[in-house]
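Below, chain A partners chain B and then partners chain C, in two separate complexes.
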Partner chain A sequence: MLRTLLSDDLPKSRVLSVLLLVVFVGLAVAPFAFPGAQAINTAARICVFIVLVASYDLLLGYTGIVSFAHTMFYGIGAYGVGLSLFALGGGWGAIGLGLLVALVVGVALAFAIGLFSLRVRAIFYAMITLAVASAFAILASQLSEITGGEDGRSFRVPEILRPGFRLFAEPVLGLDISGRVVTYYLVFLAALALFLMMLRVVNSPFGRVLQAIRENDFRAEALGYRTVYYRTAANCLAAAVAVLAGCLNALWLRYTGPAVTLSLEIMLDILLMVVIGGMGTLYGAVIGATLFILAQNYLQKLMGAASAATKGIPLLPQLLHPDRWLLWLGVLFVLSVYFFPTGIVGRLRRKA
Partner chain B sequence: MTSAADDTGLPRVKLDYLPALLVPGLMIVAAPLIGSGSTWATLTVAGLAMGMMIFIIASGLTLVFGLMDVLNFGHGAFISIGAYLALIVVVPLAPWFAADSLPLNLAGLLLAILVAMAGSGALGYAFERVLIMPVYGQHLKQILITMGGLIVAEQMIHVVWGAQQVAMPLPTAFRGAITFGDIAVEKYRLIAVCIGLVVFGAMFLVLNRTKIGLLIRAGVENGEMVEALGYRIRRLFVGVFVAGSALAGLGGVMWAFYRETLTANIGGEVMIMVFIVIIIGGLGSVGGCFLGALLVALTANYTAFLAPKVALGSNILLMVLVLMWRPMGLYPVAKR
Partner chain C sequence: MGAGDVPQADQHPVLATRDLTIRFGGHVAVNAVSCAFAAGTLTAIVGPNGAGKTTYFNLISGQLKASAGQVFLYGDDVTAKPAAERTKRGMGRAFQLTNLFPNLTVHENVRLAVQSRARVGADLWSLWSRHRDLIEKADHYLAEVALHDRRDAVAASLSHGDKRKLEVGIMMALEPEVFMFDEPTAGMSVDEVPVILDLVQRLKARGDKTILLVEHKMDVVRSLADRIIVLHNGTLVADGDPAEVIASPIVQEAYLGVPANG
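Showing the complex of A and B:
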């Protein structure tokens, strides 16, 4: 049963299994175990980012494509649902319509970019996606009549997902089952389903071909696989999953705007999560996203304390300033590219 | 210019002049669309000035890529660092910059440029030795490593200079515009054009008239052959990398004065345009990079005037059009 669910791709390391189990259980019971708005926000963010990072790993880790347009697809999903809910009011029909339009637009765009530039080398593709994604971000903030510009759009969600809604009259296990909790579980289950689906994809024959292309595209081509088709298919699939992750994010935040979806910082975050967690294994996405977001939320507090403690020593307080957390993750990123290119998960698996 | 063999025996290389015609072509096409002649002239000069600045930044990147197949996503960091290093001169010598005297202002600007170039060149050396050398030939890792370097460098700028915006006022004598009839040309843009032309000229001379330039051009075309002839291409590459970083620093100073404010992500903002420029130019070609920079800047300026909403999209469109005409860029490099 578990084997089938995980598509025969078991963690293969005791420590990793425990870690994954902790993440899974932690996310599954988050609303009950960790009360408070920040905790549930963090948990929802982790769910969304696990899906997003896993879909990016499909490109970077499994196929060996470096794309900087992943946040664009994420943004298309968020804007699709967000603008549709904004324009048509908070109904399920609006969500469905937005989702459909976003999927079509996202996949078509991924297909076009793929056909246009995947024939050439990795570096070319990286640059072209960077340019297209930044143009898209500018476009989204310029067309302010439609998208709300830099301010973005807040919108209403269906009744059952609103904070004021109560699913049961009585609290369950000491927690009011509000619309937020319902939304959280919607996000959590959707993320779980998408993750298992991607696990299925990478362990299918299709996934094997992608890995063959990553290792040696010339040889894959010689074996009779049209690498352009496979690369484009992987690109479209990753884009579709990123669109869905964007939808989940929009539903959770009840807001969509360039800063939370399209900015280059988020792209860099995704890159850091994939590499630190471990490229070429979807479990890396789980570990990477969880660690990174926890660090983002809680490391800053720790650094604030450290910064205060080292007052008086030159430069050190600035280095430990809470806003400089990205510096340390950047250093960790560079070190992990050199010394453990397979990331945390690769490390753990090798030890086992 | 056809391939008539001359006395020395080697056939002359056919001169490919079509891409060079694109720039005047674009200017001519834009003129009737804009209508007013003076507006057109102002936009054109502004576009040329911006193109020169982009060229200064992009030229190093394109050579580094051509020579060693290294695409440095961290190039933007040198732009920012160059601009911030200029502050070392600009802040203590503020009276020089505030004084309304051209020689004093120019001296200050030159000093700032020298400091910025030396500093970002030195940092470029460290960057190459520490970050890029271990990953020669591994594209994926290069992209990741240089991205990581960019993140760390940007954060270090925050650590050293603080996260807030810094004002970088234009020297007094460079303010305002010179008017010819009803054509207004900002003085600073003229200076940018001059500096850009000097850099282009110097680069052209070095590449075409010196032995090092010959080796660099040969290395871009076929690095293995140059190595087989006994030249150390890696040493050459380090030199080019340092020079490219220094030029990025120079571009950063120019760009910061142009915008008059300074933030740590100033480099990141320009980098998108720089990437488009070197793709259009043909990844590795300095001439293509020069034309690409002018084309991109002129298109950006014209569309910003004609249809401001799509200004950045216009660069992508330009890139698509150029690549449809010449899939490997304006002046493709032979080995690719």
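Showing the complex of A and C:
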């Protein structure tokens, strides 16, 4: 049963199994175990990014395609649902319509980019995606009458997902089941389903062809696989999942704007999460996204405490000042890439 | 000879090339080579280094695009078809420079070929680990090339000889009609060579496969080939019975007279 759910792709390392279980249980009980807005926000963000990073790993880690357009698809999903809810009011129909339009637009764009430019060398493909993604970001901020420009759009969501909504009259295990909690579980379950679905795809015959293309596209072609079709299919699939991640993000934030969906910064974050977690493993996406977002959200707090604790010692308090958190985040990345060139999951699996 | 004729054309050649040519800038690497290959025959292609043998193979199997001329497979013009399409139609190729999936296991390497043959590559939803028939078939071909004990090793970790065997095993797993061996035993140790030669011998004994073999070792060619064609500077200079071709002055001069790396 569990084997089938995980598509016969077991973690193959005890430490990794424990880590994955901790992440899974942590996310599953987050609203109950970790009270407060920041905790649940962090948990929801981790769920969304696990999906987003895993879908990027499908491209980078499995197929060997370097794309900088992944946030564009993420943005298409967020804008699709967001603008639809903004224009049509907070109903499920609006969500469905927005989702459908976003999926069609996203997959069509991925198909076009793939078919026209996946024949070229990897570096040129990366440039093309960068150009298309930049153009899209500019378009989104320029068409401000539709998209809200740089400010983005806030919108209403269906009744059951609103913060004021109560699913039950009484608290459950000491927690009011508000619309936020309902939304959180919607995001969590959708993320879980999407992740397991991707795990299934990478362990299918199709998934192995993608790996073959990554390893040696010339030979894959000689074996009878039309690599351009497979690459395009991978591109479309990754785009569709990124669109869905964008939708989840929009529903959670009840807001969509360039800074939270389209920015190059997010693209770089995704890249880092894939690399830190371990390319070509999917589980790496879980570990990478979780660690990265936890560090982003809690490193500052941790450093504040450390800075206060080292008061009196020369230099250390200044070095550990919360304002330096980006510096330390950078140091952590450099160290992790240096010590785990195959990513955390790659390292753990090799030991096993 | 009319324009449509191919020299030595059998009743139904499986594979044929007509005036097949490729130019790299001013250099003509393969020059108007016309040749037909019948089922059940093993044709050795010999010639000095740089004669265009591998380039000729690349034109036939589609890794290079011809500047002029055509390639026919079962009478169909496949000149414009990509390599993948030619493979699907029954061409198999073992490369001279080993060309594997380095970070996949030996078994996975072969299985990708089995899977291509079984046409399940586009299946997104079934589990790769549960296609028993494909797994067993891949194991069968691994045994054929005596690599079964290295089944779960990563291809990159194999010795040179084992990589050569795997290269051949991958082609076997495609179950092609046309087998193109490009110096399959090059660089192999003496005790490994018979594994490959036995395999070629067995393939030939089946009597229905079209086998093309580029080989430098003249004793191998003499014992295996039904026919020898000689390429020199991209041009077909001799074609016929092994004993005759080897004895002919043009081969003595063009091939055997030239040092191996000349």
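Keep in mind that, in the parts below, the second predicted complex is superposed on the first by the 313 of 352 C-alpha atoms of A that agree within 3 Å, B and C clash if a C-alpha of one lies under 4 Å from a C-alpha of the other, contacts with A are read in each partner's own complex, and residues count from 1 in each chain.
Basically, a contact is a pair of C-beta atoms (placed from the backbone, for glycine too) under 8 Å apart; a residue touches a chain by one contact, two chains touch by 3 or more.
Values in this document were obtained by computation on a predicted structure and should not be read as measured data.
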> Taking the superposition as given, does A:V337 touch the first partner, chain B, the second, chain C, both, or neither?
Replying inline: first
> Regarding the shared-chain residue A:I276, is it in contact with chain B (first), chain C (second), both, or neither?
Replying inline: neither
>> Residues of chain A touched by chain B versus by chain C: which partner has the larger set?
In response: B
> Which partner does A:L264 contact after superposing on A: first (chain B), second (chain C), both, neither?
Replying inline: first
>> Quick one: is A:I138 in contact with chain B, with chain C, with both, or with neither? Answer first, second, both or neither.
In response: first
> Between chain B (first) and chain C (second), which does A:D323 come into contact with in this model arrangement: first, second, both, or neither?
Replying inline: first
>> Is A:S7 touching anything from chain B or chain C once the two structures are fitted on A? First, second, both or neither.
In response: second
>> If we overlay the two complexes on their shared chain A, which of chain B and chain C does A:L130 touch? Say first, second, both or neither.
In response: first
> Can A:L52 be said to touch chain B (first), chain C (second), both, or neither?
Replying inline: neither
>> With touch defined as at the start, can you tell me which chain A residues reach chain B in the complex?
In response: 60, 64, 66, 116, 121-124, 126-128, 130-132, 134-135, 138-139, 142-143, 264, 268, 271-272, 275, 315, 318-319, 321, 323-324, 326-327, 329-331, 333-334, 337-338, 341
> Can you list the chain A residues touching chain C in their complex?
Replying inline: 4, 7-8, 200-201, 203-209, 211-212, 215-216, 218-227, 230, 233
> Which bits of chain C are touching chain A when the two form their complex?
Replying inline: 61, 63, 82-85, 87-88, 93, 95, 99-104, 108, 111-113, 115-117, 120-131, 170, 174
> Once bound in the complex, which stretches of chain B touch chain A?
Replying inline: 65, 71, 73, 131, 134-135, 139-141, 143-145, 147-149, 151-152, 155-156, 158-160, 163, 268, 272, 275-276, 279, 283, 309-310, 312-313, 315-316, 319-320
